[in-house]
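The following pair of complexes shares a single chain, subunit A, combined with subunit B in the former and subunit C in the latter.
Coming up: the complex of A and B.
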């Protein structure tokens, strides 16, 4: 029993260390809220997987380089491509058209259920990138 | 007297008067079809089709149906921000029938089926041990999961309905695999429904 408890403590400590390593540059308050600023996102190592939760037309008009299109409407069609683009140890950052928008919040929540690592919503949405 | 007796006979026989369906993931509307046949010896005239709510439309191909002729009403419900169980009625007035026929759409807005976790994952080189996904249907919805298929032959998926779970097993973990697992379900009224989960080796 003690050995099991010790194992759990060791696992928790390793997890905390891994999280600190991945989330090092991120302000803890924002990380807890699930949001990240553009400046913090640009410091993530490895670079995050960007998810564009806007409409296909908005995506075509311009997006963060390398971003994958994924919103609640095209979810079944686009999830496999997102999973293929994700790499272990990589954070995910989601943005949509409006700051704190519903689409990015919903997509982030669904991606968190996949338990693939930290998933953040970009503070300020697309405008944070296009008009920094 | 004869006229009254004749008026009491139904003019149309409906395939069904209630359709129950969840809002499928990624969809914004729920569509239901109500088929009918004119069982009277004379042409049937549908005088009006009125949904109970502005959120529902009901389309009829034409108004007059000959004896024995089949037709259908296509209803589309747009839930918008509505949540939970929604019941929408459509009143159909048929000439010669004393009471309007009430067609009903029962829609469940929200997670019709919970798959937990929605993704099972193996690191490359990890032992290809089976992993399970729990499938939960909200009580009262009447949805029945009848099978699961995998988009990639390198990923096996098996439904254990009595245990409400899916067991997923990769054939190997030497190479990356991303498989879409499609859960096949039927509603109480027989509508097929598809849900997706995912399995990945990376």
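Coming up: the complex of A and C.
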């Protein structure tokens, strides 16, 4: 029995090492305060207003369907369109290129000042959407 | 009796193989579930998030295939005791978390249901263990 248990423990360790090697570092799916996971964001009703806080080039290359481009650089030009698109009762989810990135945090902070209701940062950023 | 034992063995093996597969498919979600318990440092939680699913899959497969059953039953029994202790600890500390028994499953706070399920699985493992240790008289050469 001990030999069997030892063999199973060793085999599981080898499989776990192989999985860790293939998958690389894993990140907890737990969201920090003010963040929302992709799975939770997709369950929001009504669907959230998505804000893309990356560069215009990155936005053009691909973005969440319906997302509005808004980052600290183009704020004065793009914020009126965002305010126009927002509706009462609708959450806002901001993402940028890097998980927990400064751009999405800053845009979310500025949007909260407008008291638009809940404003979240997407946990994992754009990568959470493009490589779920 | 033999049929019920075989059915239970397949059921328990299937449950653990399925639980392990769901966890292995989304290690990030399982890591979050482990960290919600606030029992392990991050490095150990990451190791557990990779290791435990494969241990469950292998042990479940052993029960399904009737190979290395004693070892698999012993390991699964130990795992269930750890899971039950972790659940009871979270309940006692008033944490509002999902059990994570099947990865990123379930609503938070259903401790009674999760504990009842784990205790039932532990009882089933114990029954299979006792059955596996009984040596039929015929195999000892007595008629």
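In the analysis below, the second predicted complex is superposed on the first by the 100 of 132 C-alpha atoms of A that agree within 3 Å, B and C clash if a C-alpha of one lies under 4 Å from a C-alpha of the other, contacts with A are read in each partner's own complex, and residues count from 1 in each chain.
Just so it is clear, a residue touches a chain if its C-beta (ideal position, glycine included) is under 8 Å from a C-beta of that chain, and two chains touch if they have at least 3 such contacts.
Since we're looking at a predicted model, the values are computed, not measured.
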item: Partner chain(s) touched by A:88 [first = subunit B, second = subunit C, both, neither]; value: first
item: Greater residue coverage of subunit A in the superposed arrangement, subunit B or subunit C; value: C
item: Partner chain in contact with A:113 - subunit B first, subunit C second, else both or neither; value: first
item: Partner chain(s) touched by A:79 [first = subunit B, second = subunit C, both, neither]; value: first
item: Contact residues common to both interfaces of subunit A (with subunit B and with subunit C); value: none
item: Subunit B contact footprint on subunit A (complex, rising order); value: 72-77, 79-80, 83-84, 86-88, 110, 113-116
item: Contacting residues of subunit B [partner subunit A, same complex]; value: 25-26, 28, 116-119, 121, 123, 176, 178, 180, 196, 198, 200, 202
item: List of subunit C residues in touch with subunit A within their complex; value: 24, 26-29, 31-32, 35-36, 46-47, 49-51, 53-55, 57-59, 62, 68, 70-72, 74-75, 104
item: Residue ranges of subunit A in contact with subunit C within the complex; value: 1-9, 11-13, 15-17, 19-20, 23, 26-30, 39
